[in-house]
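Both complexes shown next keep chain A, but they swap its partner, so chain B is in the first and chain C is in the second.
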Partner chain A sequence: MPENQILSVESLQKTYGDVHVLKDINVAMEPGEFLVLVGPSGCGKSTLLSCISGLTEVSSGTIRIAGRDCTHMEPANRDIAMVFQSYALFPNMSVERNIGFGLEVRKVAEAEKKAKVSEVADLLKIEHLLQRRPAELSGGQRQRVAMGRALVRDPKLFLFDEPLSNLDAKLRVTMRTEIKRIHQATGASIVYVTHDQIEAMTLATRIVVMKDGVVQQIGTPHEIYNKPVNAFVADFMGAPSMNLMKGKATPEEGHIRLEIPTPQGRSVSLIDRKTPSQSFRNGPQDVLIGLRPEAMTDQKLSNGSALQSAECLLEVVEPAGADTYAVIHLGETEAIARLSADAPVQAGEMSSITFDLSKVSYFDISSGNRL
Partner chain B sequence: MRRTMLQSVFLYSCVVALALFTIAPLLWLVTMSISAPTDLTEVPLRWIPSEFDFSRYGALLNIDGGSGERFLSALRNSILTAGGATVIALMLAIPAAYSFSRRGASMVLLFAFLATIMMPPITYILPLYSTFSAFGMLNKTTTLIIVYTAMLLPFATWLMKANIDVLPVEVEQAAFMEGASTSYTIRTVVLPLALPAIAATAMLSFLVAWDEFFYALIFTNDLSAKTLPVAIADFSAGRVTDYGVIASVGVMATLPPAILAICFQKFIVSGLVAGSVKG
Partner chain C sequence: MFGRRRKQEKWILLAPAILVLALITLIPLANTFWLSFTDTRISAIPSPVRFIGLENYIYALTDPEFREALYRTLYFTIVSVGLEGILGVAVAVLLNQKFRGHLILRALIILPWAVPTIVNAVAWRLIYHPDYGALNSLLFQLGLISDYRSWIGDPATAMNMVILADVWKNFPLVAYVALAALQTVPADLNKAAAIEGAGPWKRFWSITLPWIMGPLMVVMVLRTIEAFRVFDIIYVMTGGGPADSTKTASFYVYQEYFNYLRSGSGASYAVLVAGISAVLILFYYSSAKRQATGATA
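Moving on to the complex of A and B:
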């Protein structure tokens, strides 16, 4: 194991009786990384965080923080800080004492403690709240205090457990930016749990997508978004999610011919101008064709571009302000196309849809794995 | 929702009936304590005393008089035993309750504790009496404190456990994460949050010990250790029973728990956890 890793989780298993919550988790991160654990509820992401924090005892495997084996160490000795979903502020103490609690425990001199608390309060813009009790704060302010308590000690690793899920939608966006700003300002190493894939995409330097206690994919937001390893990741990340259409892929000389059936009995025929990979050597096969909504547009074709178009029936048209989403029945699923806001389209009409196959993904129809 | 006239009448009659039911005996006790002795023996009973006679209170508060000495030493013993037992029981019950609630201490143990208070006191009297007698500890306030502590402990532990169970566990986890030890966390985080529960437990424990009669009757025999319930019984044991005196002692005996309840009332308010978790 390289010495400079701030966190390394090796072959981690966690079982509660017969329930296998975490199955052979292997994750490592470099200092300064913002690692986001994301997945649907019950995927084990919070349990993994809890194991890293030491609040949950692992069943087997190793956890190293900054090179030290912390697998069976008390949370207090791991040199980490955690921001809880419920904030978990001490209601009987002022904001100042809440933030300085970790320093108080470590018997840091009063003057130094005060200086550090005010430095953090300044960073989080909560200096004017220092004498208040948590009950007198709004949700966003409590969130800032909880982050302040974590930041003030300058620990090796920060753990965030769904910190924004108790805030309203607007505040969530503001605080998301705030967290990103703090990460950029401090260069802290952060492990962040969320079920919100947009939070994951916007905050992370790397994302860990989990499902049923198994890591599905680890990669940069760009990799996760553009090259999902399986249909689950493709579907989970992105909003609206990737269209997974059943169709037939036929490898031909230098390109792949795609046939996507429509309910009208015809099929949409497209050409993917990439050399067929090894997965297609066995001739024509049924596959899941993954196209993001932004790859299905009303863009006009220009000569020589990689774009191609097909006439499709728009079943539902949903104007969303900046874009208009159109539901098209394609490949036994309801595919969503992302049209421009002022596209002159109406539900129930045929319209020409432009397909951009430069970022198409193929998945095995039974296993869901990327081809 | 607005009530109809009939509903209001029904509701308020229930309130009046309940109030009468609970207050009437107390009122009668106070009336008895200030009635002339002749009023109390009249047939039919005289509900409103012919004259107000506060002399019994004066006598009870006079340390030099016979009944005053008996009352005041019993009051002192009661405060010492009930207060002492409550304080010791709480000091032991809080860490015990924390272990049961948060550290997975065996529930079997807790139920075994509780089983001890299911047994009637009479079953313990004989072994306890012979033990204390062998150590020469009969008729001592300390002895009663030991017995009462044992009696209060299971109950106080149970009550505290139920109250610690509902405190948000993340707040403690946050303290551990910040590097605090268990005892530091209990002192600075758990106890302040559990203050209403502690006040309630203390009050209930104090009342149980204050009212205890049986052990006190058996283990004490003179002014140096007798508690109020036993002393009250003594006042009625003479050949001539003055109901007025007994009533006065009864009124005076209710005062310390009543004062305690008023003092603790401000602690027993909900909402101390507010602002800790969620919004």
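Moving on to the complex of A and C:
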């Protein structure tokens, strides 16, 4: 176990009676990392955070924070701070006292406390709010105060539990940027729980994707996005999500031929020249072919040989401002193609779609695992 | 047109309530107020009623016995309401924990309050009985006393014994209100405070107590007003004795009115007691309002 890890979770299990909430979780994190735990509701991400904070007792396994075994330590002694979805501001105290509460408990001298609170308030641009009560603040301001309370003690590890979920869409984007700015300014080590994959992609230095209490994949946003380990991760991360089309992959001389059936009775035939044909050495195989919407477009992309074109029936056309999304029935699913905003397309018409096969992923049809 | 009809409608709808209120509260109140400025006496032979101005009040305020009765009332109010507050909140905190049978206990705890005051008073008189009281028996068997005592027959202990009986009956009300308020404390607040390093005591004083202060103040106001008017439990348990040691202001008024039949002078005492109650209510009201501005999330 390297000494410099800020957090290491080893073989963590958590059960509530018969319900196995966390199954053999292993996660490690370097100082300064922004680790995002993401997954659908009920995947165990909040329970995992709660175990790290010490608010929830683990069933078995080890949690180390900054090299210290904290598995059975009180939350107060773990040198952590937490930001809650509900903000959890103390309603009877001023903003100043809320931020300084941890210092007050630790009997830090008044002058030092005031200096630290004002430093943090300055960083978060909330100096003018210090004398107010939480009830007098807007959602975004409360969020800042909650972060202030976490930052002021300069703990080893920050825990964020869906901090932006209670904000409206616009404010969420602003606060997301704010959190990223603070992370860059302070170099803090952060574990951040969210169900929003865009938050995960934009904030994380590394993402932990969870499902049903099991870690599916740990990797940088780039890895998670481009090389998902299974169909679940491929589907969950990215909006719109990756198209997973049933098709047949046939190894041929130096390339792989893909046949994707359409409801019109013919197949879209594509050639993948990037993937070595040895990948399918057992001969032709039914697979899930994963292509992101941006790899199915009307535009002339620049990576030459990977590009293939095919005539497809556009069932629905959805202009979204910057792009136009088109729904195409391919491989027993509704695939989404991302066309340019001014693409001259109409629903119900055939149109030439360019497939970029440099970023294709293959998944096993039954297990969903990456091939 | 429409507005005027609405206005009439309002008064028509309110009329029965106003009438009842006038009959049972306003008219007697006004009558008492009037009586307090007269030398009216209750007697078989009607005597002319004479307006005597502030004479009754001057007498009441210079009457040392009445002043002592007021002090006794204040003592009774402060000690019993104080104990009810502390005990009520403590029990509420316990009942708010999840343990086996906590739901049954929550239901049981209301029982003392559900018992009528008179029944409670009679029960405690039996418990305190100098010859076969349960308290004597318990303390004797524990070796804490060497002889049976007359707990409410002794001026030194009588008032505190009455207070104990009153606390027993009324703390469940405080506990219930506090318990209801405790259940609205967001779990995240306590979690956040725990992570910030606050121990159970600090969390209770800084988070939980301020949160439940609003509802708690309401029940404490109600209890204070009731305690200040205390009469029935004293009437049943001690009759104001021994040696006037439990004679509270209300009891004093009662005696003046119905034992000595001086209804004029009794009315002036009653007005004074009501006035002091009003001051107490105002004091509570303003402090509760201050609390409320801080405690709303």
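Definition applied: the second predicted complex is superposed on the first by the 361 of 371 C-alpha atoms of A that agree within 3 Å, B and C clash if a C-alpha of one lies under 4 Å from a C-alpha of the other, contacts with A are read in each partner's own complex, and residues count from 1 in each chain.
Criterion: a residue touches a chain if its C-beta (ideal position, glycine included) is under 8 Å from a C-beta of that chain, and two chains touch if they have at least 3 such contacts.
Bear in mind that the values here come from a model prediction, so they are computed numbers and not experimental data.
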(request) Return fit or clash for chain B versus chain C, each positioned on chain A through the superposition. (result) clash
(message) I'd like to know which partner A:N166 touches here: chain B for first, chain C for second, both or neither.
(response) first
(message) Under the stated touch criterion, which partner chain does A:V105 make contact with: chain B (first), chain C (second), both, or neither?
(response) both
(message) Residues of chain A touched by chain B versus by chain C: which partner has the larger set?
(response) B
(request) Could you tell me if A:P40 is touching chain B, chain C, both of them or neither one (first, second, both, neither)? (result) neither
(message) For A:A135, using the defined touch cut-off, is the partner it touches chain B, chain C, both, or neither? Pick first, second, both or neither.
(response) both
(request) Classify the contacts of A:G61 with the two partner chains as first (chain B alone), second (chain C alone), both, or neither. (result) neither
(request) Considering only touches as defined above, state whether A:P319 meets chain B (first), chain C (second), both or neither. (result) neither
(request) Share the list of chain A residues that count as touching for chain B in one structure and for chain C in the other. (result) 53, 55, 74-76, 80-82, 84-86, 88, 90-93, 101-102, 105-106, 133-135, 149, 153
(message) Could you list, by residue number, the parts of chain B that touch chain A in their complex?
(response) 168, 170-171, 173-181, 184, 188-189, 192-193, 272-279
(request) Write out the stretch or stretches of chain C touching chain A in their complex. (result) 186, 188-189, 191-199, 202, 206-207, 210-211, 213, 294-297
(message) With touch defined as at the start, can you tell me which chain A residues reach chain C in the complex?
(response) 53-55, 74-76, 80-82, 84-86, 88, 90-93, 101-102, 105-106, 133-135, 149, 153
(message) Considering only the defined contacts, which chain A positions touch chain B in the complex?
(response) 53, 55, 74-77, 80-82, 84-93, 101-102, 105-106, 133-139, 142, 149, 153, 166
